[in-house]
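Think of it as A, B, C and D in the order they're written, each chain with its own count starting at 1.
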Amino acid sequence: MVIRTAAKVDLNKPPEEQTCLHNRWHPDIPFISRIAPNEVVKIECLDWTGGQIKNNDSAEDIRNVDLTKIHYLTGPFEIGTAEPGDILVVEIQDVQPFDEQPWGFTGVFDRHNGGGFLDEIYPHPAKAIWDFEGIFASSRHIPHVRFPGLIHPGILGCAPSAEILAEWNRREGEVVQSKVHELNRDVAQLPQPQNVHAGQANISHPDLKAKVGREGARTIPGRPENGGNCDIKNLSRGSKVFLPVHVPGAGFSVGDLHFSEGDGEISFCGAIEMAGIITLKMSVMKNGMADLGLKSPIYIPGPVEPHYGPGRYLTFEGFSVDEHGKQHYMDATVAYRQTVLQCIQYLKRFGYDDYQIYLLLSCAPIQGHIAGIVDIPNACTTLGLPMDIFDFDISPTGPATKMDMGACAK
Amino acid sequence: MVIRTAAKVDLNKPPEEQTCLHNRWHPDIPFISRIAPNEVVKIECLDWTGGQIKNNDSAEDIRNVDLTKIHYLTGPFEIGTAEPGDILVVEIQDVQPFDEQPWGFTGVFDRHNGGGFLDEIYPHPAKAIWDFEGIFASSRHIPHVRFPGLIHPGILGCAPSAEILAEWNRREGEVVQSKVHELNRDVAQLPQPQNVHAGQANISHPDLKAKVGREGARTIPGRPENGGNCDIKNLSRGSKVFLPVHVPGAGFSVGDLHFSEGDGEISFCGAIEMAGIITLKMSVMKNGMADLGLKSPIYIPGPVEPHYGPGRYLTFEGFSVDEHGKQHYMDATVAYRQTVLQCIQYLKRFGYDDYQIYLLLSCAPIQGHIAGIVDIPNACTTLGLPMDIFDFDISPTGPATKMDMGACAK
Amino acid sequence: MVIRTAAKVDLNKPPEEQTCLHNRWHPDIPFISRIAPNEVVKIECLDWTGGQIKNNDSAEDIRNVDLTKIHYLTGPFEIGTAEPGDILVVEIQDVQPFDEQPWGFTGVFDRHNGGGFLDEIYPHPAKAIWDFEGIFASSRHIPHVRFPGLIHPGILGCAPSAEILAEWNRREGEVVQSKVHELNRDVAQLPQPQNVHAGQANISHPDLKAKVGREGARTIPGRPENGGNCDIKNLSRGSKVFLPVHVPGAGFSVGDLHFSEGDGEISFCGAIEMAGIITLKMSVMKNGMADLGLKSPIYIPGPVEPHYGPGRYLTFEGFSVDEHGKQHYMDATVAYRQTVLQCIQYLKRFGYDDYQIYLLLSCAPIQGHIAGIVDIPNACTTLGLPMDIFDFDISPTGPATKMDMGACAK
Amino acid sequence: MVIRTAAKVDLNKPPEEQTCLHNRWHPDIPFISRIAPNEVVKIECLDWTGGQIKNNDSAEDIRNVDLTKIHYLTGPFEIGTAEPGDILVVEIQDVQPFDEQPWGFTGVFDRHNGGGFLDEIYPHPAKAIWDFEGIFASSRHIPHVRFPGLIHPGILGCAPSAEILAEWNRREGEVVQSKVHELNRDVAQLPQPQNVHAGQANISHPDLKAKVGREGARTIPGRPENGGNCDIKNLSRGSKVFLPVHVPGAGFSVGDLHFSEGDGEISFCGAIEMAGIITLKMSVMKNGMADLGLKSPIYIPGPVEPHYGPGRYLTFEGFSVDEHGKQHYMDATVAYRQTVLQCIQYLKRFGYDDYQIYLLLSCAPIQGHIAGIVDIPNACTTLGLPMDIFDFDISPTGPATKMDMGACAK
């Protein structure tokens, strides 16, 4: 009657020593165990940095984070009789932090070690710690704000086939070649043997570990073939997600739990990152990819999202003209950046500093919409900020009174 | 007691002969009348093509649409004592179609005459006519679908100052120069004297009309300084929008009414376009731009949007890998296109053809979200399709049964 | 293409002279016209007092209201091939006030002429006039409040058969006999020839008019067999209601339009009462009563109700112990009265007087719930008051500041 | 950092042996411990029968339930400096079942041992066991139904003063005297020494235990002065409830956790009853009763209720005419009973038996509204049934197909 825990993690042990974890996508990583279709299981997960970030008031750990040692996923699990071409239907029945670790963190990475959506403007590291009080999170680093979590896994997906893996490496290699000099920044993370974690292979199969290091896809991006690090804030409790299966047994992995996230997860380490437990029920839809016409995952959210009423969202508009006055052509990414910057300007009037707001918009349940994507040359996006997460009135009624807002960790 | 109609249009008269209309943004277009602060007024508007599109089963009118004769806005109105630096607060109290014209249209433009978000894949013109039954719209061209309108103006904003207008022309001229050859398509619409409508100046001030033709900004794009054609589907009844004022008297104009629209308005002529009446109340917040820290409009929606419950949205995921397998770097525009294409593939299984779905996703209340915008190299967007707008079950339960779905106008 | 108006009323003519109206339920009232199944029609309706209440600042008209001259319904309509045992499916596609009369009223009747839910405590007449600004209503008589209408018909239903009519008269006669002395107040309105309006029969068939006067059921109560004056605030735009048919042709009537109402419509003349136009589409489900197992109407609301988010409702609890300290046994009516009184006490702290609040709670979109109905001896009900209808903060944060709230009409 | 558990219960020990529990309201029951204002604490609670009901397929335990051994509440707690006249502000931050007991039950009591809202029609005992899968509950006894819990405490409140206790005993004694013969059933539960549990006094102060037995108010009813067993389904996670304080230290107690409940909790043992853990934060508003004008509790729900969209509720109407055709005068209790009976008839068409539906409507998140409470002689109530809790289509489209629905425990 008690729900089985299909994999346990140890918060006090280095993740690289835990064989139920891995940090690459590769078809050859050994299954850690089998889950029967329609069995309800709990799966424990580390936070995505594998415990590198501490509950304190310094951003040193953020500055020095080792990004080769992240995204330790729990799995891969073999799921019943799943075959390539099937769909793995995953119902997210619950996500909870560990009782013994009722807190999470949001970080802004250093521009030269990870960066984020606004790193040209905000290049320095920063951090906020969030304390969980039941369904709510609040932070000593960002006062006067509190909200319930729309709790979810940042990453879930099935293992790629060898063919899909090769395709990933091809196309991401190409974008690195074509863009890295133009943009003068990392544009993709290619396979990287350093600190590879290939699960049980780490111990028993050094050759396989080396192979996973050479070929294994990094976990940073979501990808159309398996979803992966899609970072969809609404993929929360009660959601049912339909994942393409590419290898026999599916090779399902999950991790990177978020207590809450804003659309875009803009600061990169932007959700309220946490370790915890996810409760899942999985079933297999035979031949589902063809029957549903799917190449990428789809999902149906559950009926339990926090809801504020549409009239409680202060909504900012942004267009694809950048902060230097340059017109971009139909670029929704530029437009969303402008939308976020408008919101930061607005909130600064109350006394918050830029980094506090950057952190807040990364993890609070903001709604980022594509508004117009056809009116040349301007894409338009919007950002809906729920006014009820503040304990004072932020509505646009006139000049603001600056309050003492303390500071985030820097 | 009866609400005053501040401007009337004539559906049976060419728009260029109606002096309460104009089709450029320019500070010198004469005010058509004055509206007192806090007065409630009705303003009549043409559809954005000025009546070029007819209620029939042919897409000839779409194919031949004259895009120099569009976006006839009603105004500009002088609003009380508005001065540059103020904010014009506009409450949208209602939007209704005309009783005598209870229908609207959605079009896919020819790739060589307007185009749209998917014109490389769907280059041909198409059209759907929507009949209004009270709050609902349905179409003989897209059967088995019906939904209530989230009715709104596609365009509203204040006139630009001369300085802002010059800036628009500069930066949009630059993007044309830098991008038009690379992309081999129109990337912006620069000032165009042909078919310019400068309101009352058309008759009384031919010199001014010529000036507006030479300098006046086209109405196609929304722009950060005044909003304009922002095409935000949620800017509906009950919304309060805060518009920057750039000229004495504000010079407020409105038009391009939409019975409904999907996020992105993807087919360009993509909302359910209609003529109708908007009811507004406006007030002036002195020094509002500085007091609120605003450069671009913001708004607060009303509490009356249709709502289906989160669990009623079938949600598609898309990433910035295009349909040719090319990896783009963090491009939310590419990601949203992929998201839409996933949805089209899904719905085709029920018997709809591609153009029917393209039209439908343009105008039905789909939710387009920025999901992840930092996980290099993939931006991730989602598209939430409300399942309850269909009168059959579209949920992902297995193979679909094709139905006879007729055809849209082509 | 323009929607047909199936019945027009004249706001400037006494209702008793308009043959498209009637004010009794009786199977023999002649049909005024036929509506085809699936035809969309508009039907005009008077306000429920037939125009007795005026837009002024005196409650004299409320005090002197003639309650034998009310509830003029538009109809009865013959609907296609409806037969007894069928279900008439009515979709409410829109409800709108007349353009020329953009206002409504809420009244508290004199205890000796109509009364209401709280007439033992508030025995005097009072009135508030509500001005409509698009979807919103506000009142000079109850300042600092504004809300969008959840607009709906108070009354709709099909004509009773002779057998059902006889049953109504039997059982309501019995309750008068058994209760009127005990309660010392009107407990039901039995047939009343005075001011009977039997539609076209008034002119052409004096005998029939007399019969309708003798036998015809009054329109005040809703009744299980046909719904009638059910006064359900959520039976609004987009709703689909399933009405039992008792006579050939259905004999559908509608009236008593409400711009808004609170659960309970407590002051009796308690909604925002208005004249206006309802847009309907009707179809017939043959043998529907048996197939659906229905004796009473059911309905499915539309997806367009105003919504504030659950966290925006200040919620009062009430139990079946009356204001004199008397314990009632499981009496939800007593409990709801106590719940309302709690809310009145709470709001008085801000400066409103009792009658203003009584009027407000009658017509604002408050949520009245049965909470517990089994915990002997106390029924428990709740009243959810949407805080966002006030333009100041009513949340329970401490002592209130009294404001100048003017007065309602008395 | 880990949240303190302020009181632990033992699921394997008789509740009468656990001194952190009590089952009467009395000011003299000793505090079990102190909770500091603004401290976040977890409090463990038994299910309301103290473990009498087992996870099996027999209703014998329901039939034989000992109703003198119920409602073991955890507490009373001393809260900071609370004084009579203050308000205790309680934020419900979470409610969870125990990991080791992921199930609950809903029961219909025998008419002669507890009864319920429909016991004249359904006099026999019945039971359904609900299994919890994360946020969802489903039952082997009521197939094809599943829903997320709107989890909440059935009982919370502060201790009565001696004066209030005396008043309770007076007025409930009077209703017993005046009604018990007329109604021929229990109308209230007066003080009862049998199986009294006075917390720590049970062991250390036999005189006090005897006094509590003689005077202590039973916990069945909610009461206006302290809330108590209000059984409000929306008093769920994120709610903030304002409780009047009547004794120094407040004497706060909580218990009777529900995984889910329908408005009315109609079968009496009607929620999904469970043992579990509630997380609370409490603060004291000095002089709050006078400052807020409160005699009874009020609350503000959190923003996290399940929501289905208004268009997903099939809504039944009921009036105060009973099933024997007798007209009652404005009796919302009778009306709600009829509303429930309409719904039962409707659902039986699909193959469920009456008791299964009676159980389901007790615990599923149905919405019970007061619709009209002034249209003499008929009160009208509605019951909104969320269609999405069923895995088949229950919408009113025609004759139903009976399915094999198994049986509940009997």
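What to note about this one:
By definition in this document, contacts are C-beta pairs under 8 Å (C-beta built on N, C-alpha and C of every residue); 3 or more make two chains touch, one makes a residue touch a chain.
Values in this document were obtained by computation on a predicted structure and should not be read as measured data.
By number of C-beta pairs in contact, A-D leads when A-D and B-D are compared.
Relative to the C-alpha centre of chain B, the farthest chain centre belongs to D.
Centre-to-centre, using mean CA coordinates, chain C is 32 Å away from chain D. With centres defined as mean CA coordinates, chain D is found 39 Å away from chain A.
Centre-to-centre separation of chain B and chain D, using mean CA positions: 51 Å.
Across the assembly, chain D contributes residues 238, 302-305, 307-311, 388 that each touch 2 or more other chains.
Within the complex formed with chain A, the residues of chain B that make contact are 87, 116-117, 167, 171-172, 174-175, 179, 183, 186-189, 220-224, 227, 229-234, 238, 242, 263-268, 270, 285, 288, 291-305, 307, 309-311, 313-319, 321, 325-333, 336, 338, 342, 345-346, 348-349, 367-382, 395-396, 398-400. Taken together, the chain D residues at the contact with chain B in this complex read 307-312, 388, 393. Chain D contributes residues 1-3, 40, 55, 92-94, 99-103, 131, 133-136, 148, 237-238, 279, 281, 302-308, 388 to its touches with chain A in the complex.
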